[in-house]
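Below, chain A partners chain B and then partners chain C, in two separate complexes.
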Partner chain A sequence: MPSFKLDELEIPFEPGDTVIQAAHRVGVDIPHYCWHPGLSVAANCRMCLVEVAPPPGRPAMMLDVLRQDPTTGEYVPAKKPKLQPACQLKAAEGMDVRSQSSPHVAEARGAVQEMLLLNHPVDCPICDQAGECRLQDYWLEHQGTRKRMRDEVIHKPKAQVFGPTIVYDAERCIICTRCVRFCEEVAKDPVLDVRERGNLNEIVVSPGRQLDHGYTLMTEFVCPVGALTAVDFRFKARVWFLRSVRSVCQGCATGCNAFLDYDPRNQTLYRHRPRENLQVNQYWMCDHGMLDYRRAHEDRFVSAYVGEEEVTLEAGVNAAASALREVEPERLAVVLSAQHSNEDNFALLTLARDYLGTGQLFITNKPHGEADGILRHADKNPNTLGVEQLCGTTPPRPLQDLLAAIEAGQITHVLALSSVAPCEVEALQRLKRLVLITPFDGPLAGYADVLLPAATWAESTGTFVNFKGMAQESERAIRPEADARPAWKLIGALGRALGYAIDWQRLSDVRLAMATDPGAVVAPPPSARMAPVGAAE
Partner chain B sequence: MAFSLNEAQEREFEDILARYPNQMAACIPALHFCQDANENWVSPEVIQFVAERLSLPTAHVLGVVTFYTLFNQEKPGKHQVWVCRTLSCALRGSEEILAHCEKRLGVHAGGTTQNGRITLRTAECLASCGSAPMMQVDKDYYENLTIEQVDQILDRLMQEA
Partner chain C sequence: MLKRTEFLSKNYGVEGGWLIEPYVKSGGYQSAKRALGMTREQVVAEAKAAHIRGRGGAGFDCGTKWSFMPPPGDKPHYLVVNADEGEPGTFKDRTIMEMNPHALIEGCIIGAYAIGAHAAYIYVRDELHLSKARLWGAIHEAREKGYLGERPFGQSWAMQVYVHTGAGAYICGEETALLNSLEGRRGEPRIKPPFPAQYGAFGMPTTVNNVETIAIMPTVFKVGGDAFSRESALHDLGDGGARLFGVSGHVKRPGVYEAAVGLTLRELIYDLGGGILDDRPLLGVIPGGSSCPIMLEEEIVNVEGDERFAPYNGKSVLDLPMGVDTYRRTGNMLGTCCAIVLNDSVDPVRAAQNLARFYRHESCGQCTPCREGCGWIERLFDKVVAGEATLEELNQVHQVASNIMGNTICAFGDGAATPMLAFVRKFRPQFEEYVRRGEAERNARRAALGSGDHGRSLASEAR
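This part shows the complex of A and B:
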């Protein structure tokens, strides 16, 4: 592989790579605002300027400049090299690029920083971006000087509503045009552009339109400064109090890699952010997915119920066990869930096949929705393929078949995971007993005789297999609320209450059992290219 | 009120589009043509019209219109007067000419007279330094100006039918 030299580092590159791209791929950051690995090159922020040494035997391209002599205050003729933006500069074999090691680059970056901050309101204390703002980070790294301009700053519109989800502050904006390019190139809806020129520049929404496509929060997320802010996150949290786990979006079968940000002090989720994975979601997530984190706190069951009565978890498990003990295996059906992880489904499948001895396996899922040709998949369940793989040669039948069997009187008892359903489920009222293990309220919950509160994906670690067949791990963020427990744990407890020797104390116990089953996939630990909380791409 | 072109204008508009390799390249000439056809200003309806005809995002056309000062975003007077104030003209008395115009018309540079006849503006170099001081009225240059000549020009503009 050809390579070039960046400061003292040898950076390999693929033909066609730009210097910044090749450096980014091996994890070396050249300071930048407007460049984004997933967007076209604009080269307008000038932060990534680098010095390139001339080829051997050739003179450097030098510019004549006047430089102020600090002792006399006089301007004296001097020379400096012509710097080039690393985002636009194609890498070439043996190239000698100087980034951190060049005093000229350091000077240029300081100057760029100073210019970008000339009219900035410096309202960091009330800015949501504070703590993960490039203006802040780069001020520390590359400028560090006080403001010299004494003139009144240019004032521009603040708190402009761009659409239902996004608010724009033109004074904080550095016109990097990442949002403009994102809307055009990724969301395929060129609803933003730049108006005016020079220091009157501001981002504008198309007349008669709102910023309302399916990727508005991503439009906000690509903003390297606090100009675009999300209504959902605005004034909710300071990012330095948040912690992140590497999760997988539960919104559809695409399985976008995400960071789930939460506050450990109040065990509350605050946002979902994309995590770079070029095989799945590249750098992006859709609005639906980025807001999906809110579901973890909504319509929850956090204690066990027997009928309408709230009971302790132990009483709930015992009630579930006695409900299942009274039935013959052929009258009992077990419903797996495309909403739950491989671990949860494996636990239920093991209980059903190996202990309860029923072969009546079904799967429930959320009804299908729209695909958008970008990221969103029509299958709104994160683990459909995972459940199918688990079941191997005897795939689970759809919920509709179960309802028919109940109508026909063949099934009298059901043990089900999750409360979602792809169809009307009135036939469930003919059941003698429905034992439901679910984190959320849903169509099935109304028919449950015994309900055990499961942990959400945010409260337990698990493996999800996306529509491409990629097994991905989603990590636990917060502790399960109140009596909620990971579903595999509840299933283990239920098995023990039924008198079976199931000893799953930890997730690793379940995974050890899964290791002997070729259909049961456990994802390798997730990768994280980006810093958990901080200036992400 | 929606903006539209008459048949003859339509033909000319199509002719403009045909001169450029792609429609985005025709944006500025198309806007100039429509501005002339719309009492010298680019109304939101004109922006919409150009965006639709050139298959460009409306925001892009708005960006072009706001970037260039020669597109009027508000309706100007019947005539537009630009007084050059760059070096050669400044040395030859453009300041007096501008001050005189402002006094005569009762508006500051950038304003439009109350009767809506004249919009007075300043301009940076209009490339007629050899005949300074000069000003541009609509699309014509008036060069080697004296205060008397300026008065004659303004009188004519104010009085003509």
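This part shows the complex of A and C:
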């Protein structure tokens, strides 16, 4: 592989790489605002300037500038080398690039940084970006001096509503055009652009339009400063109080890699944002997925119910056990869920096949919806393929078949995971008993005789297989609320209440059992290319 | 060396001189006919031999630029003529478009053929209404004669010329901003590479040339490339032919004059321009549009180790022939060859402030150093002029300008920084005088208000 020198490092590159891209790939950061690995090159912020040594025997291109003699105050004509933006500069074999080691680069970056802050309001105390702001970080790393311009800054519109999800502050904007390029290149809806000229310019939404495509929150995410803020997150939290886990979005079968940000003090989720995975979601997520985290706190069951009555978890498990004990295996159906992890489904499958002895396996899922050709998949369930793989050669039948079997009187008892359904479910009325294990309210919940409160994906670690067949782990962020427990744990308890020797105490116990089943995939630990909380790409 | 020529300006001032009849009568369109009978390579070679340095300001050799175009392939090529002429002090291109439009149309045929294009777009700044009308008139006349159309001069090289109206932003004169504007996009310079020869108008291979660069081509093909180059006193420096020189400001006869390359500033000011207005002393000259550093008479040429400069060493820069390389080598810039003359009634501080305002206003704002730096410099000069600046602030001007220099996407940044550096360096005492006077006034005001703690007692009362 060809390589070039960056300061004292040897950086390998692929043909066509820019210097910043090659460095980024091996984890070396050249400071940048406007460059984003998933967007076209604009080279407008000029923060990434580097010095490139001329080829041997050739003079460097020099520019005339002025310095001042510190003692006499006289101007002294001076020369400086022409610097190159690393985001635009194509890497070449043997190139000698100086980033940290060049005093000219240090001066240029300091100057760019000072100029970016020249008319900046510096309202960090009330800015949502504070704590993960490029301007703050780079001020510390590349400037570190006080502002020399003491006059009133240029004032521009603040709190401009761009659409239902995004608010824009033109004073904080550094006109890096990442948001503009994102809308055009990724969201395929060029609804943002720059207006005015010089230091009066600002970002605007096309006349007659709102910023309202399916990826509006990504504009906030790619904004390296606090110019774009999300209505959902505005003034809700300071990022330095947040912690992150590596999650997998539950919104559809694409399985976008994400960070789930939560406040450990109040065990509350605040944000869902993309985590780089070039095979899955590149750097992006859709609005639906980014807001889907809120569901973890909505329409929840956090205690067990027998009929309408709230009971202790133990009483709920016992009630479930007695409901299941009264039926012969032929009349009992078990419903797996495309909404739940491999671990949860494996536990249920094991209970059904190995202990309850029923072959009546079904799967439930959310109804299909729209695909957008960008990220969103028509299958709105995160683990359809995982459940199919688990079941191996006898795939679970769709919920509609179960309803037909109930109508025909063949099935009288059902043990089901999750309350979602792809269709109308009145037929469930005819059941003698429905035992439901679910975190959320939903179509099935109204028919449950016994309901056990499961943990959400945010409250438990699990494996999800996306439509491409990639098994990915989603980590637990917060503790299960009240009596909620991971579904596999509830299933284990149910099995024990039924008198079976199931001893799953920890996730690793379930995964150990899964190891003997070739269909039961456990994801490798997730990658984390981006910083958990802090500056984005 | 003053040598007046009339290649482009023969019909200037002649009523109806812009029509096709007088143009054809004096041999017009014969060059285009001749060029279309040559091979593409021969045309480029002829242009190279003429050593036409781009008349738009950058001074790049035209024939060489044409040779960068890829060979004709499956993509259409375009010739784009830069008629945005927005550089302050520059007003030569409009004279061609108004009084000799056929030279430009004929030049377009030659240039387009040389680069493998069948279409030329002339991008004219909005305000030049007469230019646009005369160009369209010329295009219609040429179409009628069949010089433009499917088979000009019976040759199978279909050719069309279009006039496109710009929206009057200075930055749209920068060639890639011009291309964006031509395409209907925001007039912002593109990052390079890719250069227009690879990815130009509508993504196709394109050459952008100045009006005068193209309009001189019929002359080149009439006189012969080498012969035309030798008109110039700087033929040996690869700077050939004749060109239009503009002179404005404090001269008695401001205007556009055609002369062989090699003219000196002194000749331009005194012989062509009639001398300094009111016969006052000269403060300085901005030689080729406002982006060039101001030159003072007392500056002396001193280029070591080059024979060709021996005759000029020791002389005033006003006596140095105006050429791309003669100026570059002496730390000056030729630009568009349209000089702005300032006599001693001009306050250089106010002049610098005026220019700074222009650059702040015209920066496209795409890249940080230019967007913020131009505004910062304007602010500093505003404060200097208002007597509100400190010496420390005056000392920031060259720092800001030096950090714009070379760090931007397009040459606008350098074009804004260069004159600022020249002004503060060459007129430092005048700038300091403003600062000192301002400080003295502030002190006097303070003293008039009584003791130094007057302000403080007011503040405590308010509390």
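In the analysis below, the second predicted complex is superposed on the first by the 537 of 537 C-alpha atoms of A that agree within 3 Å, B and C clash if a C-alpha of one lies under 4 Å from a C-alpha of the other, contacts with A are read in each partner's own complex, and residues count from 1 in each chain.
Quick note on the criterion: a residue touches a chain if its C-beta (ideal position, glycine included) is under 8 Å from a C-beta of that chain, and two chains touch if they have at least 3 such contacts.
Note that the structure is a prediction, hence the values are computed from the model and not measured.
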> If chain A is used to align the two complexes, do chain B and chain C fit next to each other or clash?
Replying inline: clash
> In the superposed arrangement, does A:408 touch chain B (first), chain C (second), both or neither?
Replying inline: neither
>> For A:196, using the defined touch cut-off, is the partner it touches chain B, chain C, both, or neither? Pick first, second, both or neither.
In response: both
> chain B or chain C: which reaches more residues on chain A?
Replying inline: C
>> Contact-wise, after the overlay, does A:66 reach chain B, chain C, both or neither (first, second, both, neither)?
In response: second
> After superposition on the shared chain, which partner residues are touched by A:161: those of chain B (first), chain C (second), both, or neither?
Replying inline: neither
> Can A:205 be said to touch chain B (first), chain C (second), both, or neither?
Replying inline: first
> Which stretch of chain B would you flag for clashing with chain C, going by 21-29, 39-47 or 111-119?
Replying inline: 21-29
> In the superposed view, which residues of chain A touch chain B and also chain C?
Replying inline: 193-194, 196-197
>> Which residues of chain B touch chain A once you look at their complex with the stated criterion?
In response: 44, 47-48, 57-60, 62-63, 66-67
> So in the complex, which bits of chain A are touching chain C?
Replying inline: 41-47, 49, 63-68, 73, 75, 77-78, 80, 82-83, 88, 107-108, 111-112, 115-116, 118-119, 148-149, 151, 154, 174-175, 193-194, 196-201
> Which of the residues in chain A end up touching chain B in this complex?
Replying inline: 184, 190-197, 204-209
>> For a test of understanding, state which residues of chain C touch chain A in their complex under the given definition.
In response: 169, 171, 186, 188, 191, 331, 360-369, 371-376, 379, 383, 395-396, 398-403, 405-409, 414, 418, 421, 424-425, 428
